[in-house]
Amino acid sequence: MDLLQAIVAHYNHWIIIFLMVSGLYIVVARGNMIKKLVGLGLFQTSVYLLYLSPGKILGGTPPIISEQHTVYSNPLPHVLILTAIVVGVATLALGLALVVRINEAFGTIEEDEIFAGEEDE
Amino acid sequence: MTGQTLIILALLIPTTGIALIALTWWHQNLRETMTLTTAGALFYVVMLILERVLNGEQLATQAFQIVPGLDLAFKVEPLGMLFACIASGLWIVNSIYSIGYMRGNNEPRQTQFYMCFATAIASTIGIAFASNLFTLFLFYEALTLSTYPLVTHKGDDNAKAGGRVYLLILLGTSMVLLLPAIVATAVIAGTIDFTPGGILAGKTDNLTITLLLVLFMFGIGKAALMPFHRWLPAAMVAPTPVSALLHAVAVVKAGVFTIVKVIVYIFGVDALVASGNADWLLYAAGATVLLASAVALKQDNLKRRLAYSTVSQLSYVILAAAILTPISIVGAAMHIAAHAVSKITLFFAAGSIYTASHLTEVSQLDGIGRRMPWTMGAFAIGALSMIGVPPTAGFLGKWFMLTGAMDSGAWVAVAVIILSTLLNAGYFLPIIIAAFFREPGKDVKKHAHGEAPLPMVIALTTTAAGTLAMFFFPEVPLALAKLLAGV
Amino acid sequence: MIAANLPALQVVLPLFGAVLCAFLQRGILAWGVALIVSLAMPFIAAGLLIQVLDSGTISYALGGWKPPIGIEYRVDVVNAFILLLVSLIGAIIMPYAKASVEKEIPADRQAWFYAIYLLCLCGLLGMAITGDAFNIFVFMEVSSLAAYALIAMGRDRRALLAAYQYLIMGTIGATFYVIGVGLLYSMTGTLNLADMASRLGGIENSRAVLAAMAFLTVGISLKLALFPLHVWLPNAYAYAPSVATVFLAATATKVAVYLLLRYFFTVLGTVFAHKSLPIAEIVLILSLAAMFGASIVAIFQDDVKRMLAYSSVGQIGYITLGIAITNLAGLTGGIVHLFNHALIKGSLFMAIGAVFYQIGSVKLDDVAGLGKRMPITMGAFAIAGLSIIGAPGTVGFISKWYLVLGAFEKGWWWLAFLIVASSLISVVYIGRIIEVVWFRPVSAAAKRAKEPPLSMLVPTLLLVAATIYFGFDTTATAGIAGLAAELLLAGIR
């Protein structure tokens, strides 16, 4: 029973790990370049949660220094993750741009087909 | 001039020579004048240094520190002096010969050839005057690299293959065995300076000393201790003046020179005797002497036979050093000098045979002595010196070696020397007999030819005369050798 | 005033330069801006190094926010050395870049090329200078995104694939890094590296810290292409524009190595020293695998750029080997090789870039006989090649000397032999190129080749000369590397 409680109490970690592993799996296992980027996005999202979930305090308020607000969430992780999201979006944009160019140059975005085509040359 | 200036001059002259040769590429005669002038100037400076050394002066440069414990520094000691004399003196003769050979055979890329040659000589002087292991190693590698373009001069597939073996064995042994040995010496002894009496004595246990000795002896691949001798026959693809450079002037001499230097100044003769760690070296060198002589017997290609003869002669020097008595060290030093003048004569002769008649095999040489009396006369003198017959230089080295071996009761060494003398006679005498006393073959008669071009004949006569002269006037080399051995 | 704000200038200048380049739109103007900025960088870095040597570590509060709340730029000997290296390489590349870029990049994209190049420079310098763990991540992504874009600008369409592959691997690496930082943050409540180090005392064996170390190691190793996490590197280097290859090969991996040094010795020094994780042993094995594996693969490449790229993977092995040896001589060897390898690989790739400029190919068959057509360039290549072999009198020898010394001092004879044996492999692949270049008849592609313009030749020769010069005068390289190694080792005592 304790075990179950421990598992449930850390449910945020389980979500993080699930997202992380499934994201990585998609990156490794999929040959479609867009899907790989989606996997990469999932992987990054798990990290956002890794930062955010310990920073949030149940019942906490936004961090405003005044007498009414005594329990507040740590603002720093939120700020960091805002930056990380920006970075993630930039990466995704660049990745998608590359995929577009690859599609133009090779006529496909499946890795298998591209490598097969390269070997024929 | 101070000693430092002289040493730096000796290093700078051939270096400047490289530039001068490069700048005069457009005019053949001018370019060759540059080579000869540089060689002459270098010899003059080396003689100035010799004079001071014989007067008992200590010549050294200030150390230039590269990293702590790693200095670029030069110091003249007797063996290095002897080596520098040989190298600079033979460079002049070799240059004269090269001019005849390169023009006579219409070799391509002659400017590059002379530049690399000058680089090799500069490196040799660096090796000779190095005052610590690092400086020696620096120039040792420079010598390997600068001779690589010479070995591969022909540029065909054979030359490429030969060059590969040459480079891989020489760089390989020096990098994988010699460099760790140097670093280990630095760690154990705290210094890598050549010091009389050695620097490793008493610093570490016997096992480590033996291990280091193995590393040094095989790491100095230029000394061609079997099984790392393969590069020497492989390098036979080079033009003959280069073979002469490799065998007599610079490369193999740098090898045995380094070996003697390491034994005397790093390990210390007395310390090695005390530890009894050098016995295996006696056997290894003895085996190389005999095996290489036996292989030489079977070679029909003249240059290959000479190459294996070199392998065996080099191990004489190692053998002599491994006997570890002062008198045998004298023998080692003397043999370095004697082998230099004799072997260069032999290679010059082989080259002029090739230039005049394009013959390369021993079996084709019947009766050639009648058409090329000077060449074959010089060859005979060189060969007798290799066998060790008086009145030639080769006798001196062997004499001291034998004396040393008997004194110390190294009967293995005595047996090796006697047996190998027979073998030497076995592969050299037939050539001389065939050249002078056999009737030439029929096809040879059709291609009548005379002597090789004059510069070549001059060069090989000079070195043959030198071989004889060294027997009658051995004072200078002997004085240096004795200074080295401390007797 | 300027002296006090050097740390900020070091990063801000290229950043603004990048924006300016993007606005200028004309290739030649953008080149001018990039040139000025790049030339200013070494002076700033040298100024910082002198300050550090004079008066110790510089702590610079960015925007006036005091650390550990604000972002701190913290410069000590270690990163001052890295800053100088990166900015020197950047400065020497710029004069070279003009001709090469004009040849390889379409006119309408040249300004973008310089803008992205400056962004990459900014990111790399930022990674090296900042003392804030998350700030490192941001700069890492700035430099990486710029690097992906630079590589994608290569003319070959395979450059796109290489860039994509690098993007995936690089992002995974960066994300691993952030995970590690996140774990450390949750354990210490700070992102300031120095602060973090001091708060880790006592909890160095907690599972979260160990996990953080593992994540950081893997993440950074992906960035520095530690064997076997190097698969992105050969294609990226082979297909990127020549200038980008020179720049990335000489700097990007080096800054990543710096991060590894920083985390292993300064931040996680106590963890590293405790040996709860066999990190040093793992790094040792992987370094050896790189030195042998990657170098052997290099032998069999038919494209000179790819060959040199694999050689880079092998050479990175020597640098990380210094970390694994973990004594003064060994670590000095690793750090000095960081610098030396940047010089050597920079020279080699510059010479090969000049070849590409002339004949439009770097296939081994196409460069045949070039020794006759481009003797100066190929001569420079040969000398730099000697340096990578580690011939005495070149910088390569200095690195090797320290590494072998470190191995012996540790009593690891076997390692000393492995180090020297692996350098023999480089003889084979460099020798292979030299043979082809000098002994084969001139190829059809090389028929009309001649020496490149002076603007390319001079920087190449300068860099090659540096590989010789620093083989003799090592006060600026090995001397400072020794100080850096001492400082780092103090962190694990």
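Order of writing sets the labels: A, B and C. Residues in every chain begin at 1.
Quick note on the criterion: a contact is a pair of C-beta atoms (placed from the backbone, for glycine too) under 8 Å apart; a residue touches a chain by one contact, two chains touch by 3 or more.
Every value quoted in this text rests on a predicted model; they were computed, and no experiment measured them.
If each chain is drawn as a node and touching chains are joined, the picture is a simple open line. Taking the mean of each chain's C-alpha atoms, the chain whose centre lies closest to the overall C-alpha mean is C. Taking each chain's centre as the average of its CA atoms, chain B and chain C sit 44 Å apart. Chain A and chain B have CA centres that are 69 Å apart.
Look at where the CA atoms of chain A average out and do the same for chain C: the two points lie 28 Å apart.
Listed in rising order, the residues of chain C touching chain B in the complex are 386, 389-393, 398, 400-402, 404-405, 408-409, 413, 416-417, 420-421, 423-424, 427-428, 431, 435, 438-439, 471-474, 478.
By the touch criterion stated above, chain C contacts chain A in their complex at residues 134, 137-138, 141, 145, 148-149, 152, 157-158, 160-161, 163-164, 167-168, 171-172, 175, 178-179, 182, 185-186, 191. Residue ranges on chain A touching chain C, taken from their complex, read 20, 24, 27, 33, 36, 40, 43-44, 47, 50-51, 54, 76-77, 80, 83-84, 87, 90-91, 94-95, 98-99, 101-102, 105-106, 114, 118. Residue ranges of chain B in contact with chain C, taken from their complex: 64, 66-67, 70, 72, 134, 137-138, 141-142, 145, 152, 155, 159-160, 163-164, 167-168, 171-172, 175-176, 179-180, 183-184, 186-187.
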